[in-house]
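So that you can tell them apart, the chains are marked A, B, C, D, E and F in the order they are listed, and the count of residues begins at 1 in each.
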Amino acid sequence: MRTTDTPGGIRSGANVRLMTRAVTPGSYDPVTNGHLDIIGRAAQLFDEVVVAVLNNKTKRTLFSTEERIEMLREVTAQWPNVRVDSWHGLLVDYCRENDIKAIVKGLRAVSDYDYELKMAQMNHQLTGVDTLFMPTTPAYSFVASSLVKEVATYGGDVSSLLPKSIEQRLQQRLDENR
Amino acid sequence: MRTTDTPGGIRSGANVRLMTRAVTPGSYDPVTNGHLDIIGRAAQLFDEVVVAVLNNKTKRTLFSTEERIEMLREVTAQWPNVRVDSWHGLLVDYCRENDIKAIVKGLRAVSDYDYELKMAQMNHQLTGVDTLFMPTTPAYSFVASSLVKEVATYGGDVSSLLPKSIEQRLQQRLDENR
Amino acid sequence: MRTTDTPGGIRSGANVRLMTRAVTPGSYDPVTNGHLDIIGRAAQLFDEVVVAVLNNKTKRTLFSTEERIEMLREVTAQWPNVRVDSWHGLLVDYCRENDIKAIVKGLRAVSDYDYELKMAQMNHQLTGVDTLFMPTTPAYSFVASSLVKEVATYGGDVSSLLPKSIEQRLQQRLDENR
Amino acid sequence: MRTTDTPGGIRSGANVRLMTRAVTPGSYDPVTNGHLDIIGRAAQLFDEVVVAVLNNKTKRTLFSTEERIEMLREVTAQWPNVRVDSWHGLLVDYCRENDIKAIVKGLRAVSDYDYELKMAQMNHQLTGVDTLFMPTTPAYSFVASSLVKEVATYGGDVSSLLPKSIEQRLQQRLDENR
Amino acid sequence: MRTTDTPGGIRSGANVRLMTRAVTPGSYDPVTNGHLDIIGRAAQLFDEVVVAVLNNKTKRTLFSTEERIEMLREVTAQWPNVRVDSWHGLLVDYCRENDIKAIVKGLRAVSDYDYELKMAQMNHQLTGVDTLFMPTTPAYSFVASSLVKEVATYGGDVSSLLPKSIEQRLQQRLDENR
Amino acid sequence: MRTTDTPGGIRSGANVRLMTRAVTPGSYDPVTNGHLDIIGRAAQLFDEVVVAVLNNKTKRTLFSTEERIEMLREVTAQWPNVRVDSWHGLLVDYCRENDIKAIVKGLRAVSDYDYELKMAQMNHQLTGVDTLFMPTTPAYSFVASSLVKEVATYGGDVSSLLPKSIEQRLQQRLDENR
């Protein structure tokens, strides 16, 4: 039997254990069904999941940081323990400042893995924060925001790859940019 | 603020949340420093970590299931939320019967990943249990029980790869088998 | 405009072109939905597809060569240009004797690819027969006969991974062997 | 016995079967011996092979789309069933508009494969068009247009990697750009 | 017993053998502990090791070619048979002009390997110079100059990844650029 | 100018430098053109190359250790600084006992690399001996002894994959075993 007596803490008998908070970082430009698959599954495993949008001024994105946050809030509203935020700078600093113990990443393919492995080992050495890789559901294994945008730009049907409301905003933005 | 009012459950305000239990399955024949690295880090992230020893009658092992459990209990005693057990049959059945939500695996190299990815996707489809891959600490990235046994058999020095007590038992067993 | 005037030949104006026959080799012990995905798609691309069952006396299989052929005939009956056969020895010899120009293989993962690539290059050098790799449909990317048998042996539900009639024969065979 | 009685169709007894047309897409900036290896082998397997040059206004190329087409026509003239064309937009739309059933790609290395696999799965889901990967002949496994151009720019000898006429045009263009 | 009687030559009995000189090429912007690991180990295996800094006018670097050479000279002074130089153009031309028989590269991960393999095969075909891949020490397997710079830019602690004097120059340069 | 005045030592001016000896370990059951490619190239880079045949009593081979040594001596006679030997036990012990500083291995494919990388890191940690990977010449990239034996067993033509004398001994041995 456990009781909590401090914010962010869980008491297990006599032992106090800190709440486990994980982060799922990304550009989310825009959020896809593949992202939601990972976020939803992480929400089953951790006390709180922070979806952190990369706010990188030097990288051009289709949607602004605020728009990406807004879209994520809308489609993750179904999970009460998911929170959306943005970060810039080092992810490990963000983790330290927010008591985040684990970075959770979806992994599609082996070539993703090599780069992500180096980042994970660097991050662990720098601050001790761990990275956990979660394989994407096979049906979403090929869904990347960049491919989705490219297909939609040329009029391809991406309705099976995105939540309906996100698809509408994507089409609208692409129309504006034409 | 959270309180628990049922065995294995955590209450968060009005919401009851089940305790998060993860399993780190393996042969552990015998346990290495690489294994301990993963077990210890998993123990920081989950409420309970079950170290599950594969009890496979058709596969020859150097140590019996009982011996492997005993050695693991000894070297994981430092983590109060780590429990050692054995399993046979399907790992996903073991997970279901023990309310385990996540399988945690150390991942050394890309070629490991492909096989493990198929297993993870199969396991997720069969029962919904998730697999999380945690990169090994670089210094342990080449430490596999099979290599350790091979090196020790020919008299190589493996003291940096195993806990001291495990190394002694390994030497003793190899001497008995000569 | 084309006309055929010899068995296995297609005339295109004055040019005679041989019919394109491909082979999808395998153990098929037993055939899975993943296999059928590849066979069916190959049947759209080639004039004739020969499903060739490996008849390897030294490798133990759950079903005999005859049983595997029978099951394949049953589940591929929907495609008129698919034929089932068995082979032993070198696949390239079988290709030469049967006027087969291409070997078609489903490819699940990168680690499969390396071994298959060497085989394909060896086969091409030996006889000029080409190997084409066709990515499996994501939903079947983890379905291998060996995993399916292992899961079924321990009572796991594999009904989504096999045609219904094949699943029944698999359960029956596993019951007989218990 | 087969006869064709409609454009693009092949009659096989009573069954009418559409001609199998495949596409080998690429930048071909310029065509190399590695490309020709794949085009020539595809021409043995399909009724018609369309070599489709990517016409991408936003990507700088050494040769214009028209020049790349002209060079390809010259060096593929030996295969009567090979046709050269250009495309922009989604390759799958081009396939649909031209009754193309298969995309054929040469595959050099494992790291190519991961990206190509995602594209292939996306393309299959969007329109049902299949992608077939054909391993390059080992002797050409390292020949990429970008490497060839880099080597030639610094005066390296690339005569074994390109058809003679293409090498001359490459040298000429590089001289013009100096 | 051997004697040398010509510059750069070693006589072994009646046979004269040329001195074996290897090159470790790179951007070294700046040199890291991972680079030094490879350079120092190569220095044990070859008569002379040339550390060659890529002088590429079109690629922006944090440090000038002269600065990178100066830093390398400082931190490799401990090995008498290591020499620092710069090159532009084709590495194989540099090798030919300097009687270099082998290119030595550290290899961190599998995804590095695919690209490097193509380069190595191209270089061998062009001039016969061989490339040898040396696995990085596990503890440095994630240390890349680009990651180090990114971490340092945001104030992360990189003191374990660089020689002390290099770290100071890196901090100073980043301060100047702010 | 250099002179040697001690066995295994090379004097370079006043500095004495030990001779660099490398080993190319393997089963060589039997030696192929792919092996000879690596041995010949290593012989250009090191003072002495020891071709070490694995003498493993528990692994069945087609040729005895003595036969494999004899065949290797015959086909490496062209290189005066190549010596053939056998070893059992740990390769690193053999290296230490024979003043060998480097293990040289041919590398065909990425999946080879992962396993070999772990072995290399283990060997380096145990005794400091380095492993260098040399990419195979593309034309030999698919030539493995096991594939060659399998093809030859079924009567396939392997004359382009082996030295002529080795091919004859292979055919003879396969005939004896029939």
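Keep in mind that, in the parts below, a residue touches a chain if its C-beta (ideal position, glycine included) is under 8 Å from a C-beta of that chain, and two chains touch if they have at least 3 such contacts.
Here the structure is a predicted model, which means the values were calculated and not measured.
Chains that touch both chain A and chain B: C, E. A count of C-beta contacts for the chain pairs B-E and A-E puts A-E on top. With centres set at the average Cα position, the gap from chain B to chain D is 49 Å. Note: centroid distance chain D to chain F, computed from Cα atoms, is 40 Å.
Mean C-alpha positions place chain B and chain F at a centre distance of 38 Å.
Separation between the centroids of chain E and chain F, computed from CA atoms only, is 27 Å. Multi-chain contact residues of chain B (touching two or more other chains) are listed as 109-111, 114, 117, 121, 138, 141-142. You'll find the chains touch as A-B, A-C, A-D, A-E, B-C, B-E, B-F, C-D, C-F, D-E, D-F, E-F. Every residue of chain F that touches chain B in the complex is listed here, in rising order: 89-90, 92-93, 110-111, 114-115, 117-119, 121-122, 125-126. Residues 108-112, 141-144, 147, 151, 154-157, 160 of chain B touch chain F in their complex. For chain A in complex with chain B, the touching residues are 1-5, 7, 10, 12, 15, 17, 19-20, 41, 44-47, 80-81, 101-102, 104, 107, 110, 113-114, 117, 120-121, 124, 130-135, 137-138. Within the complex, the chain C residues that touch chain A are 109-111, 138-142.
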